[in-house]
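Structures incoming, each one as structure tokens.
Here subunit A shows up in two complexes: once beside subunit B, once beside subunit C.
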Partner chain A sequence: MENRLKEEAGKLLKEGKVDYIVGYGKGSVKFRTSPLITNKEEELENLVINPFIANNLSRYPIELKARVGIVVKGCDSRSLISLIQDKKVNREDVVILGVPCEGVVDIKKIEKHIGKDIDQIEEIKREGENLTIQANGSNQTLSFKDAIFDKCLGCEYPTPLEYDVLLGTEISPKPDMEKSLMRIKELENMDATDRWSYWREEFSKCIRCYGCKNVCPACFCERCFIDVNIPQWVNTYATWQDNLVFQLIRTLHVAGRCSDCGECERACPVGIPLRSLQRKMVEEVKDLFDYEAGVDKDALPVFTHYEDTDPEEFIK
Partner chain B sequence: MGNKKIKKDQLNTLFNELSKDCSVLVPTRSKGYIGFDLWDENNGDFIGWYKNTTIPLKANFFPKVEDMFRFNKGEGGYEIKEILPEEESQIIFGVRPCDARALKIIGTLFADTYKDPYFLKRRENAILIGLGCNEPCDTCFCASMGASPGESQDVDLLCTDMGDELLFETVSKKGEDLLSNMRGLSDSSDGDSSKAKELREAANNKIQRKIDTSNLKEKMRANFENREYWENVSMKCMSCGICTYVCPTCHCFDIHDENNKKDGLRVRNWDSCKFPLFTRMPMENPRHEKWRRVRQRYHHKFEYYDMNFGVIACTGCGRCIRECPVNVDVTQIITGIQSL
Partner chain C sequence: MEETKWEPKVVGFLCHWCSYAGADLSGSARLEYPHNIRIIRIPCSGRVDPMFILRALQNGVDGVIVSGCHPGDCHYQSGNFHARRKFAVIRRLLDYVGIEPERVQFSWVAASEGPKMAQVINEFVEGVRKVGPNRLFKDERRDGE
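And now, the complex of A and B:
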């Protein structure tokens, strides 16, 4: 896949079909990749595709305001489609290089499973359904499924839904919803008082770095409500109440756009389980509106249009 | 006074003793990230897993939010009631040399022309017990920043992990007084000291990541207008504040007034030069484009702070590299400048 990508990306730049290639390059930290944004052919040599391509790159075309050749996994393709639906990205301005994806490795899960930290891990190798992890000189085997993000476990669209070039062969989805939604179910099963104290605790940790909103491809407002200070909707300083209100408003704002890419939770430096909130909202949107974000670029976005036949039982 | 040592399995007893007179903070991970928290019997086991905290030590002295004073409008004008930190003394155990150094670096600013009573009061009431690193992280580059993973002059006592035992060495007078009052420790030998020295050298040699700080100020100044360079390195930045908030030396803050009609509260909170709204309150953020904001962060650390206080405001803790969601790497940015 990697060679094919370099070839296709090279062609796009050479033929002047795009101004930039947005893909993944080798990270400067072990077992990580880093977004590679370039208009230079010689830099395409550094493009990689491996089980560590965690970032959702679909935000970049908004900012670049140029024609972009972009690498997307299944979940990322949904974010990009959603941006096309919302007219933040023109379909004609992007050449989508699709990566069929079996899941992205969550290094924190590996650390937990093998009881060693990232600095002790020397190598991670995929061998069929397993990963062989070499740490402190000795090998351990871990099932690939136990090492990928929760969101990947429940992935229903491993092959990008929209692409110009598919860099590998289609993958059929094998979602394990029970595992993927385990934490959300646990929260649903809590009684309301416990759940309230749970979130209160979690949001006490928030430092308001806005990592969650800034990595989110569905958070594309040119000026976020949090940056509006006249009037001030929410205090910018980190009290748990304000943190919670900020995140709840964000959750509502991205409802119908969130593709459960999980970037918010991955970015959070203090480990707030943000995906639980976002994924719950995905479920709500599906139940109430029979709508899934970013699966059809020609569909009208669920919350920006209405029809005469819309049910309105909730308006009393 | 000589150095002392303690068996690691006696640490909880020691913490228990110490916590009778003051609060003892140790690294904990129960909240889902690593930070300093009050010691109790269940969280004294950090030596096996602890590398460094996610949230830096600065947060204990310059918290993310703090109340500064209350104000009240009376007949004759405003009445102001300052809210100073409590006088309670605290021992912070397990401070890494990079973070102790960072605290000293920002301490210079907080004790400059304007003496910040909030930071200084907390600092005065705290005793830092350092814990040298035997196994630095892949992201550490403290050895390039005038420091060493196993050594510190910026703590009160310095511990070295010797395997079954911890060696305590006196660094300051405050530390010496504390050590002489600690019970359950035994005297250490010259052999222990030389073993600790070897461990430190070994740790120093393990640091892989390096930057060259020679003539850096000048080099940065010369490339301030190098828009192409800064646009390039900032392209992937998401403009969040993670790097600044996990940084042990980033110290920018904003202030807010919580107003009722007659009375109110002034609070101070962390702010970040990476945010478009930064400095909007007094006037305007002159750095509209992202590359200017990214440039500001590195210039502040590696040029302006050095100009103002004679020291670079980075200690090589590597948190920004580790926590950045898109892997922006300060060592690559500085190396890039040096090669221009």
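And now, the complex of A and C:
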């Protein structure tokens, strides 16, 4: 797949069909990848595709404001389609290089399972349904399913929904919703007061780095409400109250656009389970309006239109 | 000093064309509704930003009621239809994070429905009274009890 990508990307640049290629390169931390954005053919050699390509790159076409050849997984394609729906990205300006994806490996999960730090892990190899992990000279095996992100367990669209070139063969989805939504179900079964204390505790950790909003492909406002100072909606310093209100409003802003790519949670340096908020809203939007973000590029975004039959039993 | 009895303080975001006029009508018809409500007039229920609701709760009001025209009656044709979609997700999110459902209410009240406005406010304030003062955003360590 990697060679095919380099070949296709090279062709795109050579023929002048795109100004930039946005893909994955080797990260500065072991195993991890980081975005590789380039307009030079010789740099395409550094493109990689492996089970660690966690980043959602679909945000870059908005920021680059140029024609872009972009590498997307199934979930990223939904973010990109969502941006096309919101007219933030022109379909004609992007050449989509689709990667069918069976799930992205969460290194934190591996660390937890084998009880070793990333620095001690020498190699991670995939063999069928298992991962062989070499750490401190000894081998351990771990089921691939136990090592991928929670969001990947419930993935319904492993093959990109929109692409110009598909680098590989289509994969049929095998979502395990129960496992993927476990944490949300646990929260739903809690008392309302316990839930409030849970979120309060979590948001006490927030340092307001805005990693969640900076990485989110659905957070595309040119001026975020957080930067507005007349009126100042949320204090700029970190108190749990303001942190929580900030995140709740962000959750509402991206509701109906969020495709559960899980980048907010992955970006969070203090480990707040943000996906439990965002994914919950994905479920709610589906339940209320029978709408899924980023599935149909010609569909209207859910909050830009309405139906006469929208639910209103909660309105007294 | 004698302890004063706690009274709920609620804020009402009422749309200019229907609910605000409805509240006005209930006043001119001399119907009684509790003084606990502080009414803020807004142009349309579609103007309601979820931030209004959350900031009001964060700043310590005990309840928030949002009221607009019945679907189909919007002065701007579709403001309340759009609002209805927003309110539905706000409602679900507030429930999910654990804000008592009695604290936030959405209603449709027309300009001619003075009695309904009085009744809605009465019932809402009673509901808020039952769940008690809003301590959601209180920080015992910082603010004391």
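To be clear about the criterion, the second predicted complex is superposed on the first by the 306 of 316 C-alpha atoms of A that agree within 3 Å, B and C clash if a C-alpha of one lies under 4 Å from a C-alpha of the other, contacts with A are read in each partner's own complex, and residues count from 1 in each chain.
As a working rule, a contact is a pair of C-beta atoms (placed from the backbone, for glycine too) under 8 Å apart; a residue touches a chain by one contact, two chains touch by 3 or more.
This is a predicted model, so every value here is computed, not measured.
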By the touch definition at the top of the document, which applies to A:Tyr306: first (subunit B), second (subunit C), both, or neither?
second
Applying the document's definition of touch, where does A:Glu92 land relative to subunit B and subunit C: first, second, both, or neither?
neither
Quick one: is A:Trp199 in contact with subunit B, with subunit C, with both, or with neither? Answer first, second, both or neither.
second
Once the two structures are superposed, pull the subunit A residues common to the subunit B and subunit C interfaces.
239
Using the touch definition from the top, list the residues of subunit B that touch subunit A in their complex.
31-33, 49, 51, 54-55, 64-65, 135, 137-139, 235-236, 238-242, 244-246, 254, 256, 267, 269-270, 272, 275-277, 280-281, 290, 321-323, 325-329, 331-332
Complex contact set, residues of subunit A against subunit B
27-30, 32-37, 55, 59-60, 63, 117-119, 201-202, 205, 207-211, 213-215, 227, 229, 235-239, 263, 266-267, 269-272
Within their complex, state which residues of subunit A touch subunit C.
187-188, 191-199, 225, 233, 239-242, 244-245, 248-249, 251-252, 255-256, 277, 280-281, 284-285, 288-289, 302-303, 306, 308, 310-312, 314-316
Residue numbers of subunit C touching subunit A in their complex, please.
50-51, 54-55, 58, 71, 78, 81-82, 84-93, 95-100, 105-108, 120, 123, 136-137, 139
